[in-house]
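Reviewing the structure listed below.
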Amino acid sequence: MNDPPQPLDGDPVARVVVAGASGYAGALSAQLVWRHPKLELVQATSRSDAGTPLERLYPRYRVPMTLTELDLDEIEGADAAIVAYPHAASAPVVAAMRGLGLGVVERSADFRLGDRPTYERWYAPHGEPDLLDGAVYGLPELHREKIRGAELVANPGCYPTASLLALAPLAAEGLLADVVVDAKQGVSGAGRGAGEETQYVSMDENAFAYKTGGHRHRPEIEQELDGLGNPVEVTFVPHLLPLDQGELVSCYARPTEAVDEGAVLALYRERYATEPFVRVVERPPGLRDVRDTNECHVFVTVEERGRVLIFAAIDNLWKGASSQAVQNLNLMLGLDEGMGIS
Amino acid sequence: MNDPPQPLDGDPVARVVVAGASGYAGALSAQLVWRHPKLELVQATSRSDAGTPLERLYPRYRVPMTLTELDLDEIEGADAAIVAYPHAASAPVVAAMRGLGLGVVERSADFRLGDRPTYERWYAPHGEPDLLDGAVYGLPELHREKIRGAELVANPGCYPTASLLALAPLAAEGLLADVVVDAKQGVSGAGRGAGEETQYVSMDENAFAYKTGGHRHRPEIEQELDGLGNPVEVTFVPHLLPLDQGELVSCYARPTEAVDEGAVLALYRERYATEPFVRVVERPPGLRDVRDTNECHVFVTVEERGRVLIFAAIDNLWKGASSQAVQNLNLMLGLDEGMGIS
Amino acid sequence: MNDPPQPLDGDPVARVVVAGASGYAGALSAQLVWRHPKLELVQATSRSDAGTPLERLYPRYRVPMTLTELDLDEIEGADAAIVAYPHAASAPVVAAMRGLGLGVVERSADFRLGDRPTYERWYAPHGEPDLLDGAVYGLPELHREKIRGAELVANPGCYPTASLLALAPLAAEGLLADVVVDAKQGVSGAGRGAGEETQYVSMDENAFAYKTGGHRHRPEIEQELDGLGNPVEVTFVPHLLPLDQGELVSCYARPTEAVDEGAVLALYRERYATEPFVRVVERPPGLRDVRDTNECHVFVTVEERGRVLIFAAIDNLWKGASSQAVQNLNLMLGLDEGMGIS
Amino acid sequence: MNDPPQPLDGDPVARVVVAGASGYAGALSAQLVWRHPKLELVQATSRSDAGTPLERLYPRYRVPMTLTELDLDEIEGADAAIVAYPHAASAPVVAAMRGLGLGVVERSADFRLGDRPTYERWYAPHGEPDLLDGAVYGLPELHREKIRGAELVANPGCYPTASLLALAPLAAEGLLADVVVDAKQGVSGAGRGAGEETQYVSMDENAFAYKTGGHRHRPEIEQELDGLGNPVEVTFVPHLLPLDQGELVSCYARPTEAVDEGAVLALYRERYATEPFVRVVERPPGLRDVRDTNECHVFVTVEERGRVLIFAAIDNLWKGASSQAVQNLNLMLGLDEGMGIS
């Protein structure tokens, strides 16, 4: 069986580097770029696995390319990059790529939080604070127009993606008085370098909460709700489930005023009527419904005592990471938003 | 390999019938009675599988007994029964057994809710309302003394068991102002007779909320919190997870007054210091920690903004059903509470 | 979110009916036809679920079409069909469709066995024996040219697909003296209408052999090995594994003469060098490597004592069923063989 | 909740050390000794986790003891030991313990192969060859009397345990002409220190063969078949399955002469009629049937063309490792063979 050529449809619109392509999200980004009809994958880099064929690590992705060390000289001809580095390691790489004129979608948290002290409280000293102002938070459903004009897009975390799609319609009306987000995610969310806790025998028939003292995705969620005009404190607790890909957020929102289920449902339907990747569904969504897709399925109901319950399901590696990165790249490059990820 | 004799330790203290022994919880009850050193399993009945050896349905339980139709004449010599019938079907059987003088632990909801209208709103017309007054809610950690003197014990639902053990210390101090319980359970919780939704292919790599319009276990939780002197409205949403046995409740409680994490932790430790089956643990409990045990592991923390988070894990078939039934039976019969289930 | 239009690339080459689209394989066939750039899905039928939107049963397939009863009058304008009916029920439907001039790929066993008595021994009286002669066994790697000219193609069973791809290179050289095939498959292989044995709680943490008295796929394997000029008795035992999609066959072949590992490996590499969907790999293939693909990964080695061991992995729903059906349809219609399934 | 005292039934018969108690099999051995009515667990040692409470690593085992470094001075008062060290590391520890007069059940391969060159071909130079002669192969169903009198018992590997129980009745009659063993095991079989291949995300929805070039358990199986008077070459290939505990061997045996299914079944039933832990069952055994038990379930059938098919299921951590070690210890100490493991 011969290696297939990259399935391009005519000349590519952009030559793309994927940096950090040996992790789960980076590898999927590489595959999505590879099979994209208008993007050419020119390099897939890895700090830990340079020299390894990507197909050895991820056979089913079928990307016949060998991982290399990132070499800035080599990527000069490239037009854009998806950077899937860990936080703090990412910022200097992004800065260098921006210096070369590449458009960048960045997958770590380094450019998600616009407020530097907040970033530094939850993460580390920021290596490239000057770039913060120009970065756009890459949730297309909230910031589509800004992303279109952006040169540096901070791809949201998986939990904020689902949580914000669940809460945005209420927040835009200023209806959130108090929010609990109970989030549940498959093991791929812990990343490829994980340890004993994510061994098969540790996770099989298991489930547990983690980071109960505060998870870094909480300030990201609060920043965006604030941006929608509804500053609110969010209680956010993630859990790990015995499955591979998938993320479900169960949101318990006390509204600022009594709301009617019909009206809330209409609000959600109207808000998402024209969104290509968000679907308001009629029963609580299951993770299988969205696996290997860029979709988010949202279900909303109002308890008889008045609390609003919202459930949103995504694939953490797709809409929560890699396919959303390509969605952002499509917007930045003027391509159809869903190209290569539908 | 010969069938083993029942491993009795001298003369039995009681001869026990398990009615409804073909379902998951009933079968495990039969096994726990079978291997109990002081209980003799005299009959295991089933409406749907009479005539089938219990070992064919549940090979690993190793109970060499054939399921029979329930015949009230045949159980006259028995001392006690565990009844694992569906609600509504259970009440008349319990009444008949009580008429024969048997002590009964009942596994459906028919005697859990002391308030008949509440029962009838959530379930069905009650067939034996006269028995309601004499029934004791069988959560030993709340009602141990009453259970000791009871002749009819209503074994709690699995979700109330974990939820109440998570919330009782706060409720006893009147500290609960508002509670969200996000509950997660393995597929065995849906019962043996389940349909397409619980097929392997449906549940594998899946997770979802269900009964978002109100689950029957909510009034049960509220009744007991009320009984502890802390009437409070509870938002309760169950989820199904891709695993067999196990249940995790994540409770988000807004306290009636500011509380200190150290004080809350001390409260929990003191409350459960002498409880044989509740353990206050130092990190969020995982379902594997309690699988196939009668234990409940509880973790409590206070968010920096003041919400109290409590996580409790049990095995839904054990502490959430069958081993708790035996725990109750032990108490009723004056045996050591943990006999046969430790 | 609006329903997407069918993603056709210009005018369709053929209008296709999928009959029996509510089962696992039929539904995937419908999805593959739906997203195929040159096939138009004109009808998806179901005997049991007519009236149900396909998306309610299989949300992630995103096929916005409602299942209908099969109505032969309605499909007159169609060019081709994939029939995913159970055996015996399939033959008359196929006959009717052939009468209307449709090219048919048939998914049951009704036209796989060219020898009617063999069929009738393993299945049932044959309803349309006159069609047997014209049917082509649809394993493209063995019968590509015949499939190109065929109007009725019998899509192979999942086990024969993997087993034959594992054994064909040796059989073509007459090297098989004795073969044991130990086959392992995920639960989707048992089909959607399965019962208690395939419930989540039954299969979780489980694995077992079944049909140890003889499985219907054995004569199909033997027929094709015979056709390659190497008649041989095959011991074939299938097992069920706790996973969704995937099939692994482990073949233990005693050769007719001593063979050298290097020569055997060269034989396999040469045989499959130009095959678009068979890959000779360097270590035993895992099911994850081929999930959701039309690929077959084959690994071959020779034991120091002379037995040849061959391992082949496919996705039972893809190459073992639905994508292979589309591969056959592509060939019949003169399209690129991998269109819509790569 | 207070730590429970060790549940001893009167004075212990023996004081037992478990060395290497941080791995999966060692930890389960410690638990089985802990809960054993006549054995006192005096020390649980670990090279990598000394100082860690065993309950932190394995909460559900509930052994309230802290792992220590192995200190030979400290174990002088002990009577026996279970040693769960890796091969080569085990031999000197065993020698030292034997020097102190302890009876030893050894879990590595260091004393399983009586033939030193065979050991050294598959493993490493042998550190204590003088002890080989006195070691007894600890499969009670084959060597019960010798184990009773032994002071050093080599606990069998998990694969040989199931394979030999599957094949011994035929081997004892000299009926095996050719054997293929296709073995399948859960991930715990790979041990606790495993790497990326045994991460949840790597194994989920996966299955594959490994060690296809020859597994170390093959000479162990052949040694014992030879000892039964039926020297035969065995093709042995192990596979990893996506589950925690459990092992299934599917054996394909060509008999030396034609055999009748009824006669073979009678042979198996008679052979195992009085065995407390082997059960000849009526359908192919599933892994769930034997999980968390010391049992082996065996199913045998004869193919119409004459091959004998035997399927045996065990729990790889129980009968395949830890509970069999206790079974051996019981025999060595003159206790009831099934004490503490039934």
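Every chain is named by a letter (A, B, C and D) in the order it is written, and numbering of its residues begins at 1.
FYI, a residue touches a chain if its C-beta (ideal position, glycine included) is under 8 Å from a C-beta of that chain, and two chains touch if they have at least 3 such contacts.
Everything numeric in this text was worked out from a predicted model, so none of it was measured.
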So, comparing C-alpha centroids, which chain is the farthest one from subunit C?
B
Where are there more C-beta contacts: C-D or B-C?
C-D
Report the inter-chain centroid distance for subunit B and subunit C in whole angstrom, where each centroid is the mean of the CA atoms.
46
Centre-to-centre distance between subunit C and subunit A (centres being mean Cα positions), rounded to whole Å:
36
In whole angstrom, how far does the Cα centroid of subunit C sit from the Cα centroid of subunit D?
40
Got the subunit D residues that touch at least 2 other chains?
202, 204-205, 242-244, 285-286, 288, 291
Within the complex, which stretch of subunit C touches subunit B?
24, 187-188, 192, 194, 196, 198-205, 242-244
So in the complex, which bits of subunit B are touching subunit D?
1-2, 4, 7, 59-60, 62, 204-205, 272-281, 285-286, 288-293, 295, 297, 342
Please give the residue numbers of subunit B that touch subunit A in the complex, ascending.
178, 180, 182, 184, 186, 202, 204-210, 212-214, 233, 235, 237, 239, 241-246, 248, 250, 252, 254, 284-288, 291, 299, 301, 303-305, 307, 309, 311, 313
